[in-house]
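In what comes next, chain A is part of two complexes: it sits with chain B in the first one and with chain C in the second one.
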Partner chain A sequence: MDVAQPTRLATPSSRRELPAILRALPLLSPSLLWLAVFYLVPLGILLLHSVWSTDTVNMVIVRQFTLSSYQSIATDPLFRDVALRTITMAVGVTLTDIVLAFPIAYLIAFRLGRLKTLAFMLVLVPLWSSYLIRAYAWKTILGLDGVLNSFLVAVHILSRPSPAFLYSNLAMFITFTHVWLPFMILPVYTALEKIPRSLLEAAGDLGAPGWRTFLHVVLPLSVPGIVAGAIATFSLTMGDYITPQLLGGPDSQLVGNVIASQFGVTFNWPLGAAFSAVVLVIVAVFLVLANRVGAAGTAR
Partner chain B sequence: MMQAPLSPADRLGRGAVAAAGVLVYLFLYLPLVILVLFSFDTSTINGWPIAGWTLSWYQKIGLDDALLAALRNSLTVGLEAVSIAVVLGTLAALAIHRYRFPGREVFLFMATLPIVLPGVVTGIAMLLFFHFFNIDLSLTTVLIGHATFCIVVVLNNVLARLVRVPKELAEAAGDLGANALQTFWHVTLPSIRTAVLSGALLAFTLSFDEVVVTFFLTGRDNTLPMEIWGRLRIGFTPELNAIASLVIAVSVVLVIASQAALREQA
Partner chain C sequence: MTNPLSRRGFLEGAASVAGAAALSATGLDAVAEAANPRDQRTLNLICWAGYNDPSFVTPFEKKFNCKVTGINPNSSDEMFAKWMAGGGKTYDLISASGDVTRRLMRSGTLLEVDVSKIPNFKYLFPKFHWPAWNTMNGKRYGVSFTWGPDSLIYDKGTFSSPPPSWGVLYDKRYKGKLSTADNPITIADVALYLGYKDVYNLNEKQLMQVKKTLLAQKTLLRFYWGSSTDLENAFIHHEVVASNAWPLMANDLRKAKFPIGETIPREGATGWADTWMISKYSPNIDLALQWINYMIGPQGQLGVINVTGYSGASTAAIPALGKQRVHALHMDDLSYFDKLKMWTEPSNYSEWQKIWLDVKG
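Up next, the complex of A and B:
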């Protein structure tokens, strides 16, 4: 690459002809342009819509500045309930996935020898099979004729199939926990894999029992992986409207559903855009918090 | 790992972790196994036990024109999105790896946004964008949406590999008189080839599976997940179990292929 510069010590930034940014531009500009046009501009247009309003009589968007959409979000208790429910669900799913991810990530990183690759691939397969199909699978498990009910009736725990499992917040929680779990296992595993083996041996040699090594060495060093996984599971739950529609009950609407419905029957795009902006803020706050936890964890 | 004999407490702890791991794997696989089993069930109700065994649901797929058209659309969109992402993502990874320029971190952050921000936000932002500029929704708008979140997948994969390729290789090529293009073609590209491939495979499966963003960008022609979603909302048909099983089978093959590609490199 450094054709004109035979000396090995020269770093690209020390070159005299062109600053690094200009040298990077030919390689960078295609993706930069693509992302700016097809992602940043749409985000800008989204924010623009959030300060417009809908003329509900003529069903057209009025392109005039107003904060009315934000006002209805702030004052309507429905929006507050939905936002709270979604955040609770996202946090609950994230915490559960951290707990569930650890045994698998730990086994793959430290305990499995020849089976390591197989165990790793077994995590990838659910991740790569359709999300829609895995959500739907829970419908066939939790439904009235589903496997769970058939089982509970067969072993005489229930006298007749219960309709309580499907179409509930619990069904949504189980499904989210299941479909996002690989997104937690992979980064936690990657973090564990980076822990030097000598560190664990040293802890053992110094007489630390297994649980102390785990608590004081393994867990703190896995924090970056947990943070990466938590960002994924939290954001995925915040942006989903499919699982609530498939498995949720009457009180299971999440922000994703409320936003999506503004673009369907309700036709209030500015309100949907404003609610999206609120979601963006919630996710941004979570990102900052997660990164702070991550920084504190690695600084120890 | 640790040479000293295990204390009873440690042995118990290890057993507990192993047992927990097995349980979590069961949780991951139970739904998939049940779908595959029901895809061979003669009954149209997914109840236990299975009434009888049949292949008829798989035969039905072959005769379902709407489904086959949706499958074709998904393959086309996936391949096109991945092609765009491979070119843009690989070039960007090279730029990020090679040069330290102001805004480098900002660019990386921006590239990650399409997969970090909630899908519903990405979806409606793009919908509003296309509507604002009077662009009709079609498979092309779906393609643009998919390519946008596929770029970072390829970028991350290639960047992770580039960090591990010894710098001396490219420098030696330069010292021996190769120009930038020759160095890229004969030195850099062979060393990142499998990372590009595994990134492309992952990007393809993401595109092939995507429904949250796609929902807002779809015009007349459905992708496969959109077709499945449409049918799920109407109600259950046993055919869906067979489609689901085929999708699982294909993902098994792709996972094995990508791991084989990565191993070949190592």
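Up next, the complex of A and C:
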């Protein structure tokens, strides 16, 4: 026949095609295997430990199902205090980083033109050094004979060096805010960078002044980036135990320290695993909330 | 170009964060110790700071053509947890203090030591031949090589004369300038200060009183020290003026020309004796025995005493040390050893751990 056949539609009804994810499975399987072996299996083992218990006399783990670890956590005021302190710190650090990162990301995305790449690299450079080094650097800066105190005394804001800057929740807060800042700047910058400039022009054409464009176009479109950064800073703070150990005071234990001491000092793996499971739930809740906010932002 | 208004745009942003996080995550496991495969001639130690110092390790490595690696945890509990985490198979030797030796002996991971293979055993003071903390069921499970007190160290700039009592660590006048060891065994020090007779056998009432004292002390502390270098740096930067410590810190600070004072207050002091114990799973048992022999011999003893300032359990280095140092280290009169309340494992140790974690939280 010499009559042209109409083009077949992409999804013919006469033949069911596999959903996209199954079609991609062969391509994904090495990564999935890696994920399963090095992430899911250890996670499963950890959660399994949380329903076992420790025989403290003989120092062995008793592999029988019990909820005693979770019960200890529920009745223990210590964990509640520490969890509250950690969540408060995580939220505080996240909010502060949002406030600090946004102007920087905005500057790089909209105002720097040729210097954009250089500025971007400068944001990334701290990540090339070890986290431990940056924490120790803050220890030096904030100490009694550190740069901050010397400066404040020299300009007569303080009459004597203050011990409040180091070995305190403030020291941890400053360190966390500084160390996680690049993780907030990057996604916010990415989100801002993706905003089609034509949208901004259109807003201008429709008569919106600069601030209005910002409030109704730029800010809502940057929300996914802010959410991605918030997820990073919140989760990282929830799990950290190094900064409290180096810069925290006697009253600065975070959830990470409690968990670490169960595994490293007390040899009570089941209790540590149970703590970890609870922290996982806290972070999961945060992720769901963040996702809601992010989805709301993108739905506009 | 990906529509930023879509879920895909959101995920791309998240992915870039994850990528950066992965790059930086390698910095976060800086505290992981090097995983050392148990090849033929490497000796893996888990020991207190100062016990694997190059000054005496390097000659040993040369003499026996081997490599000696070590990690230095901050407490006996940490050492025990790390040892047990590998089932006793990760390390060849552990320098166990008296508060953890019994747990190790019960764990079934230790080798019974045959002292006929350790010629330098003859140098040991008789007191350390069959000490209760190394012996179980008539068998020896290690050889002690150092001992010492938990002394009070203080900044001579603040204290013109040595503080007479442990009370200085609970004194409001020094609020914010004190430190204490982050270790449950410190409860024994508190018990000593409170005047209890048997500091390792505390009943409920006494433990409650100790906890109260610790909670009151917490408000006066600058921080709890973990590693010896943390405490030493704190003194050097004038963050703290008094703390409990080991002679190692006083030794290091003196070497750094810091005006540090060291004293045993009137209440007395707790003390410890460190024992090298061998894993029965070690593939280098002969080398481990050589290490013990070396550490109680003239070179090892002199080396470890010079580095740490601890007292030796062996007489081998006495000629090299000289009369003055031997006297200062109480190695000429071991009745001093008897006066110290030696670290031992309390029967209700998990109670001690719970109290400690509660106080710190």
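Keep this in mind: the second predicted complex is superposed on the first by the 269 of 300 C-alpha atoms of A that agree within 3 Å, B and C clash if a C-alpha of one lies under 4 Å from a C-alpha of the other, contacts with A are read in each partner's own complex, and residues count from 1 in each chain.
The rule we apply is simple: contacts are C-beta pairs under 8 Å (C-beta built on N, C-alpha and C of every residue); 3 or more make two chains touch, one makes a residue touch a chain.
All figures in this text were calculated on a predicted structure; none of them were measured in a lab.
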Have a look at where A:295 lands relative to chain B and chain C in the superposition and call it first, second, both or neither. second
First (chain B), second (chain C), both or neither: which does A:225 touch? second
Applying the touch criterion given at the start, work out whether A:124 contacts chain B, chain C, both or neither, answering first, second, both or neither. both
Between chain B and chain C, whom does A:274 touch in the aligned arrangement: first, second, both, or neither? neither
Would you check which partner chain A:178 touches, where first means chain B only, second means chain C only, and both and neither mean what they say? first
Taking the superposition on A as described, I'd like to know which of chain B and chain C A:100 touches: first, second, both or neither. first
Give one of first, second, both or neither to describe whether A:51 is in contact with chain B, with chain C, with both, or with none. neither
Touch count on chain A, higher of chain B and chain C: B
In the overlaid three-chain picture, which partner chain does A:259 touch, first (chain B) or second (chain C), both, or neither? first
Quick check on the superposed pair: does A:145 touch chain B, chain C, both, or neither? Answer first, second, both or neither. both
Those residues of chain A which chain B touches in one complex and chain C touches in the other: 124, 129-133, 143, 145, 182, 231, 236, 242, 245, 263
Any idea which chain A residues touch chain B in the complex? 1-3, 5-6, 8, 11-13, 19-21, 23-25, 27-28, 30-32, 34-35, 38-43, 45-46, 49, 100-101, 103-104, 106-107, 110-111, 117, 120-126, 128-134, 136-138, 140-141, 143, 145-147, 150-151, 154, 178, 181-182, 197, 200-201, 204-205, 209-211, 231, 235-236, 238-242, 245-246, 255-256, 259-260, 263, 269, 272-273, 276, 279-280, 283, 287
Of chain C, residues touching chain A in the complex: 1-2, 4-7, 9-10, 12-14, 16-17, 20-21, 23-24, 27-28, 30-31, 75, 77-78, 80-82, 84-85, 103, 106-107, 176, 218-219, 221-224, 226, 237-239, 350, 353, 357-358, 360-361
Considering the complex alone, what residue numbers of chain A touch chain C? 56, 58-59, 78-79, 81-82, 124, 127, 129-133, 143-145, 163, 166-167, 182-183, 186-187, 190-191, 194-196, 221, 224-225, 227-229, 231-232, 236, 242, 245, 248-251, 253, 258, 261, 263-267, 294-295, 298, 300
Chain A touches which residues of chain B in the complex? 1-4, 6-7, 9-10, 13-14, 17-18, 20-21, 23-25, 27-32, 34-35, 38, 45-49, 84, 87-89, 91-92, 94-96, 98-103, 107, 110-111, 113-114, 116-122, 124-129, 132, 144-145, 147-148, 151, 155, 170-171, 173-175, 178-180, 183-184, 202, 205, 208-209, 211-212, 215-216, 225, 228-229, 232-233, 236, 240-241, 243-244, 247-248, 251-252, 254-256, 258-259, 263
